[in-house]
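One chain, chain A, appears in both complexes that follow, with chain B as partner in the first and chain C in the second.
Take a look at the complex of A and B:
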């Protein structure tokens, strides 16, 4: 137990109400949102609740992006992940999951030891990674992260990536149309 | 106290926005009932106060004094989260709407994107509410709301994209500033920017009606088929909050239409621009939304989806291509 004197308390209280202290509080709130959403998504037995947890997690991630001074990425995170991905997932659940109650699945005797082992291994790996890895230096800020800068670098430096992504999306659209048309001719 | 200092302005704008949303929700219900009454050759509410003007207060008191029932079979967490998820994003969107050049909660550069980002969360609220209610009507309503929103978000975003292309900015205040002067400088009349401007306003307005679940597109809340749709199991203020969210979304949709197409806070004759012009245009548009609701019957669901996928989306894409071609031509000559 660390001895806590009144002077310490006052020091920490003062440190909290500086710009860095408040920023830290905001950051911790975002992290708490992310972790809470993720835990909710993983632990709940009902899929639709998991989607809600996922949405909460994404909102927290968007908050972290905003905290890191990239409002464009933050808003895109909400628009695409919360507004499109989560809704599409829940749409799929609605179409595919008529029963709500029995979600238990088969209980396996090896489940607990195996998951505990996996958790320990993962923890050990992450600890080793954190301790031993040669971390690259904190990258310098390239630009303001504003919409103009993102657009310019998408169409100059990263134009190849941009084109490739649009190609992938086009393939996905054509593929879904092919699948849907096949389903239509069968019935 | 300095009103322009950061924390004070944050608090003031937050309180003002919540008050504005609540006041609008209360009095738009009155407008809706009064308008419906007169359209159907009745009087509408008249007992409480002069012209029934105190009716919203009576309604609010009634809703708040009712018990908040959580039925036995529902998913308790999702059931309680859903109304919040509908209302909070709507209130967030109000923060960036410029009522006048200076009267804006937060004049951020990505205002338009922010409104669409938070508007897309709204449907998640309806979905969770409907699914969490465990009621067959509510579930059908949730499925309808989602497919409707997916269908109408596409043409709306594509239309807005063409507006962003001609105005080169996502800042709502800047978009309004570019429409200064006489009313033929408003985006809806700018045929020199895009030949299909009036058509794109129409598409935007139709999409806005569908996104806010208004008649003739209120398939998610079709009383004659689904009781009250996703809100069937809600009582008291739970239902009230959904209602507030719905009206807040209508106000945001109309405000966006006014800002993007009708010149925002600009005066039609180039003199004395200000928040009064914004409110006049906004409420005229909201009135037309009410008017449409009580004039047209509800469409069929396949009609609704066909309208979006077969008519509005092709028009939106043609508009986008035409606008970019026109921009390119302007650059050439």
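Take a look at the complex of A and C:
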């Protein structure tokens, strides 16, 4: 790998400028976006910066959904997470106005090495598990997973769940209004 | 396994999902403010969604199931964010702080 000959350079150049090669480059960029955004969201000391990192991470996740043959879910990811959840979180940061100096980690100094160790252990274990497991081969598909098929099975097989989640969202809207209004009338 | 066709392997997506889950777990334990913990919880949910979508693409006989599951995870996550943020605002009104360690009124 290290002593690159001219033939190697030409091989990589030709592999890069095909449709598959450029798709691979875009995939690597999306992975880098996810990793950078997630690290930024978790480690930055100010909350408004970590919301920005979260939005960046979700844009990368939307790109990964695009690679998984579901452009509809990718668009929904950008619409719901980047467009709604991140904006709501930044509104809450503006309303709750946390102190600027100590938004970082916890006061207990032992906690962050322990949680970092636990997270590294979890990541290592899950990665090893994913590498070792034997996944079954691709079975024959009963449809091709397009938006039309998603709509059909939302309104036939999953219609009960569809109704239930609208109920959940209604309860969430009313509950958040009640919770956020509760203290206002007293003072 | 070439570097440029990593997107054709199920394991790569599982590694991304595991990374999002692990870093969200770290943030949930390590963050002090309630909003920071909520951001970490959103990362954990994103890791779960990536896993569902990867299995949907590579091993599922019906490729709509994973997409529908991911859409429902998005709905639940939006409801969770709305409720959690209104709790944060209610907590801020009573305690003038969104620090998780200040919420110790019931401590003996």
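Basically, the second predicted complex is superposed on the first by the 139 of 187 C-alpha atoms of A that agree within 3 Å, B and C clash if a C-alpha of one lies under 4 Å from a C-alpha of the other, contacts with A are read in each partner's own complex, and residues count from 1 in each chain.
Operating definition for what follows: a residue touches a chain if its C-beta (ideal position, glycine included) is under 8 Å from a C-beta of that chain, and two chains touch if they have at least 3 such contacts.
Since the model is a prediction, treat every value here as computed from it, not as a measurement.
Participant: Could you look at A:49 and tell me whether it touches chain B, chain C, both or neither (first, second, both, neither)?
Facilitator: After superposition on chain A, A:49 lies in contact with chain B alone.
Participant: Of the partners chain B and chain C, which touch A:9 in the superposed model: first, second, both, neither?
Facilitator: It touches nothing on chain B or chain C.
Participant: What is the contact status of A:78 with respect to chain B (first) and chain C (second): first, second, both, or neither?
Facilitator: first
Participant: Using the touch definition from the top, say if A:153 reaches chain B (first), chain C (second), both or neither.
Facilitator: Second partner only, chain C.
Participant: Regarding the shared-chain residue A:167, is it in contact with chain B (first), chain C (second), both, or neither?
Facilitator: In the superposed model, A:167 contacts neither chain B nor chain C.
Participant: Which partner does A:32 contact after superposing on A: first (chain B), second (chain C), both, neither?
Facilitator: After superposing on A, A:32 lies clear of both chain B and chain C.
Participant: On chain A, which partner's contacts cover more residues, chain B's or chain C's?
Facilitator: The partner that reaches more residues of chain A in the superposed model: C.
Participant: Touch check for A:175: first (chain B), second (chain C), both, or neither?
Facilitator: Once the two structures are laid over each other on A, A:175 reaches chain C alone.
Participant: Of the residues on chain A, which ones does chain B touch that chain C also touches?
Facilitator: 72, 76, 84, 88, 91
Participant: Which stretch or stretches of chain A touch chain C in the complex?
Facilitator: 15-16, 20-21, 23-25, 27-28, 31, 34-35, 38-39, 41-42, 47, 50-51, 54, 57-58, 61, 64-65, 67-70, 72-73, 76-77, 80-81, 84-85, 88-89, 91-93, 95-99, 102-107, 111-112, 114-116, 118-120, 122-123, 126-127, 130-131, 135-136, 138-145, 149-150, 153-154, 158, 161, 165, 168-169, 171-173, 175-177, 179-180, 182-184, 187
Participant: Enumerate the contact residues on chain A facing chain B in the complex.
Facilitator: For this pair, the touching residues of chain A are 46, 48-49, 52, 55, 71-72, 75-76, 78-79, 82-84, 86-88, 90-91, 94, 100, 146-147.
Participant: In the complex formed with chain A, which residues of chain C make contact?
Facilitator: Counting only chain C, the residues touching chain A are 2-7, 10-27, 29-33, 35-36, 38-40, 42-43, 46, 49-50, 53-54, 56-65, 67-68, 70-72, 74-83, 85-90, 92-94, 97-99, 101.
Participant: Hey, which residues of chain B end up touching chain A in the complex?
Facilitator: 75, 77-78, 81, 108-110, 113-114, 116-121, 123-124, 127-128, 131-132, 134, 139, 142-143, 146-147, 149-150, 153, 170
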